[in-house]
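What follows is a single structure, written as structure tokens, with notes after it.
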Amino acid sequence: MTKPSVLEIDNLQVSFRTSGGRVAALNGVSFAVGQNEVLAVLGESGSGKSVTAASVMGLIAQPPGSIDGGQIRFGGVNLLALDADDHRRMCGKRVSLIFQDALSALNPVYPVGWQIAEVFAIHGMADRASAVRHAVELMEAVGIPAAAERAGQYPHQFSGGMCQRIMIAMAIALKPELIIADEPTTALDVTIQAQIVELLKETHAQSGASIMLITHDLGLVAEMADRVVVMYAGRVVEDSDVYRFFAEPLHPYAMGLLASQPRIDRGAGALQPIPGAPPNPLALPSGCAFRPPCPRATLRCAEQTPALRKLASGRAVACHFADEQAL
Amino acid sequence: MAPRFQPFGYARIAAFAVVSCLLSCPNLAQAQNVLRVVLQEEPASLDPCDTNHSANSRLLRNNVTETLVNVGAVEAVIEPNLAISWEQTSPTTWRFKLRSGVRFHDGTPFTAAAVAAALQRAQVEALACAIRGSKLGNNPYTTRIVDDLTIDIIGRDPDPIVPFRMAVVDIGAPGATPADRKTQEPVGTGPYKFERWNRGRDVVFTLNDAYWGPKAAIPRVEFAWRGESTVRAAMVTRNEAHLAFGIAPQDATGPLDKTYLNAEVTFIRMDAEIPPLNDIRVRQAANLAIDRDQLIGSVFHKSVTKATQIVLPNVNGASPDLTPWRYDPAAARALLAAARADGVPVNTEIVLYGRLGLYPNSTESLEAIQAMLNAVGFRVRVEMMETSAWLRRLLRPFGSDRPVSMLQSQHDNAQGDAVFSIGPRFRSNGNQAMINDPLVDSLIDLGTRSTGTLRRNAFRLAFEYMEKDIVPYIPLFNMVGTVRVAANVNYTPDVQANNEIKLKTITLR
Amino acid sequence: MAIGPIPVGNAGPLLDVRNLVKHFPGRRRGLFGAPSAIRAVDDVGFTLSRGETLGVVGESGSGKTTLARTLLRLHPATSGQAFFDGEDILTADPAALKRLRRRMQVVFQDPYLAFNPRFTIGETIAEAWRIHFDALPRSQWAKRIGELLEQVGLRADYAGRHPHEFSGGQRQRVGIARALALEPDLVICDEPVSALDVSVQAQVVNLLVDIQKMRKLSLIFVAHDLAVVRHISTRVAVMYLGKIVEIGPTDAVFERANHPYTQALLSAVPVPDPRGREQRRRIVLQGDPPNPASPPSGCRFRTRCWKAQDICAREEPALLDRRGTGTLSRCLFPEAGPTTRLPHGQLTRGQE
Amino acid sequence: MSLTFFLRRLSFSFVALGGLMVLVFVLVRLTGSPVDLFLPLDANDAMRRALAVRLGLEDPIYVQFARWLADISRLDLGMSLWHSRPAADVVFQALPQTLLLGAVVLGLGSLAAIVVGALAAFRPYGAFDRIASAASLMGASIPDFWIGLMGILVFSVSLGWLPTSGYGSPSYWVLPVATLFFRPFGVLVQIVRGAMIAALNAPYIRTARAKGAANRRVIFIHALRNALLPMITVAGDLAVQLAGGVTVIETVFGWPGIGKLMIDAILQRDFAVLQAGILAVAVVIFAINIAIDFAYAAIDPRVRIDK
Amino acid sequence: MTAGIRDVNAFDDLPPVRPAPTLAAMLARDPLAVGACLWLLVVATALLAGQTFLADDAVRINLVARNLAPFQFDANWLNWLGTDSLGRSLVARLSAGAGTALAIAFAAVGASLILGTGLGLVAGYFGGFAGNLILRIADMILGFPTLLLALVVLYIFGPNIFNLIVVLAVTRVPAYIRVTNAEVIEIRERLFVDAARALGAGHARIVFAHILPIVAPTLLTLASLNLAMVMLIEAGLSFLGLGIQPPSISWGLMVAQGRSHLAQAWWLTCMPGLAIMLTTMAFNLIANWYRIAGDPQQRWRLAGSEASK
């Protein structure tokens, strides 16, 4: 990529202790988020996309989690090597996070205005009065009517969509360089989803911050992303710009994903699901994790885990047999 | 979650204030001008007419309020107090000459009118005075004021022992003692003035400078209450108190502990109306089965003496000639065997009712006695109960379908005349009597009507006849009390110490 | 196949729902006031033929799940009728209800919660025969459990496993197997795939379609995912605040929606194709849906509708086919809606 | 908490209180008469009957109850037989000492439990948590009367550091407070710990951390306030149960409180004091419940009156 | 059979069934719970001994051997924990007291468990007026100090073991009602209950096959906690003189009786008090352990660390 990167994740390895034993959540994840870029991290449940976000924000509880290796470089600094306090001071200020379920992601016992203003207080960016003023301004900016009045209300008095707007206000408060949006629309109704997508787009356009959009929704990726990173079983299997990804996905999993997606603009007709069950993180197959359902799988796939290969086009794929010419 | 967080690093946030400076120990008894007395229980009332409750009379009697006469502590004879002399002027009338120059704490003079008022007040139905019940008998008394310092006390029925009765009537100042309700701030003629009652904590007396007799030595007296004997004893040791009453035998081991005969006699009543206890051999066997020597110094204080009857031998009318039961388990077994041979259901289970806390180690003593009785062939089961339930078993009416029982009891005759003890327990209509013997009844009636030797001998005959030929009780011990006295206090308890703490006799060294 | 087709009774629709109303008690007003009513389902009526699949779509609070649960009589209806093969489900006595339930089954949304965690898969499926003890002799249970599991694409020897050992998709297959155990005529699916990942979702949708075709089942498919509904349904009902605002053949509704709400809903769904996304316009409705305890007068959608006029507040539009397209809708001003077929469509923008 | 809810709760409490009082009134009269206890052993039948008549005990129980109700309506709780004073006076003289003791115990217990519980929850199953959990379990398991006696034995009788018993300067408070402290502390640590673990796993804690909040802020501002809710409920129950624990402790330490008063009233069959005492305890408990409702509303906006 | 069904796939193999850690294995991972079990074993042994061959020693008076100090191991083993003021063996008396303490605790908790669960099921599952009434009465009982309530009631009906059990049971019933009610209300709404209803299951089947088994672990944990609580309350009541009456033997009563010998024979108070505390604690610890062991989410904490992988 020609654009300089805000965030570079390099061979990140994270595991968790569970009743079934230690489970590797990330098996060496590497990708970068460019400046002013919207990067979609696409994956299904258990693929490790949320763990990646949590690692960046320092939200991996240890124990039961542990970061076993790799680097997360943000602005050239390896966050994992930072002192906890220094890491913390970056969060919310230079990189911020938007959660999936905004209603439960807001503290139920504090007014929403207070919670937005707290961002300023934590980072010592404003005195109390101006922090509150900023909070109201931010609420107006994200489209909450009667913001001054509603700043004193509590999360339970807001709808899910409004809560997500408040989360966004919080995330953009200190004009961060990177916003990580972890399934920002999943818990919302379709019409409200559309509102939030519009808001995110506006926010991106106005602030110029990079957005790392974590989602399982291909529609959302198509709608917003510049580039897409596909994760499967704790690994990146494909890294591609969004147009070429939808036009000609490289990894068999990505192909399967696109084929299994029902589309509103197409009528009845059989879907083509990826066969079999999603990978069990406790019992991953040897070699390529996507080997069992993969139509192209050979003995090599069981013996050798495919590395993420950079292709000439700038795309990258982790499959022994994938290359653009073959398509 | 950050991995480097140290929980203990934040403990300082919640650092507790050091409070140890507040914890300096009180050392009250070091003060030279205060006597601190710790007792078992707080009085419910400080009214002079409630001095039948020992919790009350220990504070008031002859300290704040005084009586016309006192009963001697050594010999049970009447001694002058607020009255200087008395005589029986008719079978129903007694004339008392009062001491002159005595003033109540409120400044009013002590006169015949005050005596009349106190006696009248004590008999007012609505006040439910505690002394009215037993000590004034069922005989309404009226008064006639002869002059300021002479008063006639007139009974409805002839009463040969009016002076004994007057020894329990404390006289409060008529002006300061409301006639229609109990007072909480007693005003009397005694050597100490009531100062305050801080409920739940203490009662404070101060010296009465205008006392008619020799003044007491200590300017201020404070009373407090603790339920535990151990705690009371420790309070003296720890200089929190000077005098601690009611020290249990096991705590009464130190050089500071003074033991006194306390006029209490403990015994076990047998239900002689129900088999097998209706058979005298069984009752005798029960007496023979008790190893009293074993109990002395273990469960009971080492200074207790074996009782021969239900009152102390020095009480007017008691028998000095009776001897304690011997311990003879073989004889007891033989008696039971004989009774069994005659068809007496000796194996019937006998309930031994006990009252919790009747005296120190009350429960243990019954457990020991149960073991001794069962050892000779009785089948006794102890059942301990609190006072109310125990009273239902003690007092008439008993109920016809009751189980055969023994009942732990204790009696205190501090007034010195056997009539206070004998009627309720031995006469067939007595409220605690389980025997019905015409001879006993007539002896008691004769004694009650008479004075002097006749009275004494009638009662004495009754006691002796009962102990030998009826055996309604298992007499146990003439009890002692123990008071722990601080080293710097001169105090010798006497037989009346359960009802009277004679503060004016106490000095500090 | 061990079990033959269920004999079909009289002709006519399998299910005929008329004026179905379900109110939930809301907050009590004052100390002694009567509680207000939340009109979760309000005057809903439709018919369902044998072998047909009716998709019910709507956003949260639209009453679609309440509708499904009321039809299953998991809670009593406030008023209305729902004739299943001529017998009213809503007033059936316990014996009749038990008989009806044998022919009418359900697949629930959340495959994690829909199973008793203490039962094995086999026990879960066999519970149907335990309750309807005359449905299948006990000696055949084990064999039939194996058949059902294989039918939904699971191995027969999983019968002894517990639900937590399965993935979401596998559990949902078991849910389908359970629903099929009594050979029902109607299966009501309440958001059966919304908790599943896309790749697995497709498996379950295909399975449902296959089984439906094979067994001539009638399906009611309740979902918020319009793409899935389009894929599986022969007819679609769109619900908004307890009412059906539009109902008609699937393609007609998706390609020529009459009701502004349907149009907005369709336009809001992101299309998984980035081509031309910069030019694409969508209807973005403003604000949140109103509180179902106090819905707006007249047309319930008028508060968010860009076409609303004064009359919409006064008059509640009836569910009619105003444009003769075969779709019934509750809008006084129906017009052909935007098509969803072309990703480059020019769409009107909602009120600004 | 809406006004409606509050009023409904109030009316329920009154009904419950009324039921309790009827129950107590009837039941205490089943236990027998105070007459035998009050009068000397030797009192005769006439005197016993006279006292019973004067106390109204000879009347049918509904007459007695009606009389009692009439008295109550004049705020007259009757005369104590033993104290010869209005029962209300007797009770109100004893109540403050108990309330004060309970408040000190519960205050200290809650405070200590919050700190210990919060720190234990920060690293569940870590060393501090294990120690705190074991200590709190032990605290919740100690019989209070026993530890009180042991305290007297060690600190007063043997070491002589503290007064044995009684009511007075701060040193008198140490043993009773310490004795009563263990159980509420033990129970509350468990509650706070559990609630804090739950709160610390809540999504809003991730939000706070993502905002860059420091541990101290996360624990004490974000998690604690949410974790206080279950603690308050349990603390309310503990406050109610403390009334029982205080009874035992007042007996051991000669503390002039209402628990000891009630025991004495029971033993003496002082009906007026017993009834007044139970009424007072019930009213206090009612007040505690109201206070808890308000505390709840103060902490959790979700239960406040909806505008 | 599968004709017509697409995508029956060969890749959905489940991992082999991992044997769930046995209770014993999970117990072994918690040393405190092991200690608790060992202590309860000791208590149980003592209980048996106290009911059999030690029964006579518990009441055998020996005024010569009064107040013997404990831990004199050259003496008769019965006197290793000392003797009381009547020379009775403390070992024997503690064993006899164990029977009383545990019999009362188990009887009271068992009764309240059954009654409370039943009423809680009625209240939670059926609700309505009866359910409401049950809950209100439970609130009323819970809203009053247990000890004071027991005190008054025992005073009125007389302090004996049966009344004690009844009172303790009645005061604990509300806890089970509340917990059962709350859990049932939650479980009643779970989808698998709806699934059963949709299959045509009756109330009995739903309650006994679906709801009760889910509530049971919570109730058992609560019962274990209540065993501890009931023991403490019984001890407190006996201490106040309204529980077990002498000459019956109970730990609380032993503390009360030892109190008058506090200064001379500390062991009379200390030993039974310790017995109460350790037993109470054992129940609490086991409840704590079971809370983890019975919760599939938490169970891993008691599994062998990396060994199982």
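We call the chains A, B, C, D and E, going by the order they appear; numbering starts again at 1 in every chain.
The rule is simple: a residue touches a chain if its C-beta (ideal position, glycine included) is under 8 Å from a C-beta of that chain, and two chains touch if they have at least 3 such contacts.
In this text the structure is predicted, and so the values were computed from the model without any measurement.
Undergrad: Greatest Cα-centroid separation from chain C: which chain?
TA: Result for the farthest chain: B.
Undergrad: Identify the chain pair with more contacting C-beta pairs: C-E or B-D.
TA: Pair with the higher count of C-beta contacts: B-D.
Undergrad: Report, in whole Å, the distance between the mean C-alpha point of chain B and the mean C-alpha point of chain C.
TA: Averaging C-alpha atoms per chain gives centres 88 Å apart.
Undergrad: List the centre-to-centre spacing of chain C and chain D in whole Å, with centres computed as mean CA coordinates.
TA: About 54 Å separates the centre of chain C from that of chain D.
Undergrad: Using Cα averages as centroids, what's the distance between chain D and chain E in whole Å?
TA: Distance between chain centres, rounded to whole Å: 24 Å.
Undergrad: So which bits of chain C are touching at least two other chains?
TA: Each of 167, 170, 203, 206 in chain C touches at least two other chains.
Undergrad: Pull out every residue in chain B that's touching 2 or more other chains.
TA: As it turns out, chain B has residues touching two or more other chains at 1-2, 5, 228, 230, 234, 386, 389.
Undergrad: So which bits of chain D are touching at least two other chains?
TA: If we look for residues of chain D contacting two or more partner chains, we find 31, 152, 157, 209, 251.
Undergrad: Using the touch definition from the top, list the residues of chain D that touch chain A in their complex.
TA: Touch residues, chain D against chain A: 202-204, 206-214, 217, 222, 225-226, 299-302.
Undergrad: Considering only the defined contacts, which chain E positions touch chain C in the complex?
TA: 1-2, 4-9, 12-15, 17, 190-192, 194-202, 205, 209-210, 213-214, 296
Undergrad: Help me check something: in the complex, which residues belonging to chain D touch chain B?
TA: Per the touch definition, chain D meets chain B at residues 31-32, 36-47, 50-51, 54, 80-85, 93-94, 97, 111-112, 115, 119-120, 122-123, 126, 128, 152, 156-157, 160-171, 174, 200, 209, 215-216, 220, 251-252, 254-257, 260, 267-269.
Undergrad: For a test of understanding, state which residues of chain A touch chain C in their complex under the given definition.
TA: Answer in residue numbers: 44-45, 159, 161-162, 189-195, 197-198, 216-223, 225, 242-243, 246, 256-258, 260-275, 277-278, 280.
Undergrad: Write out the stretch or stretches of chain A touching chain D in their complex.
TA: 54, 57-59, 85, 88-93, 96-97, 99, 101, 104-111, 118-119, 122-123, 154, 156, 167, 170
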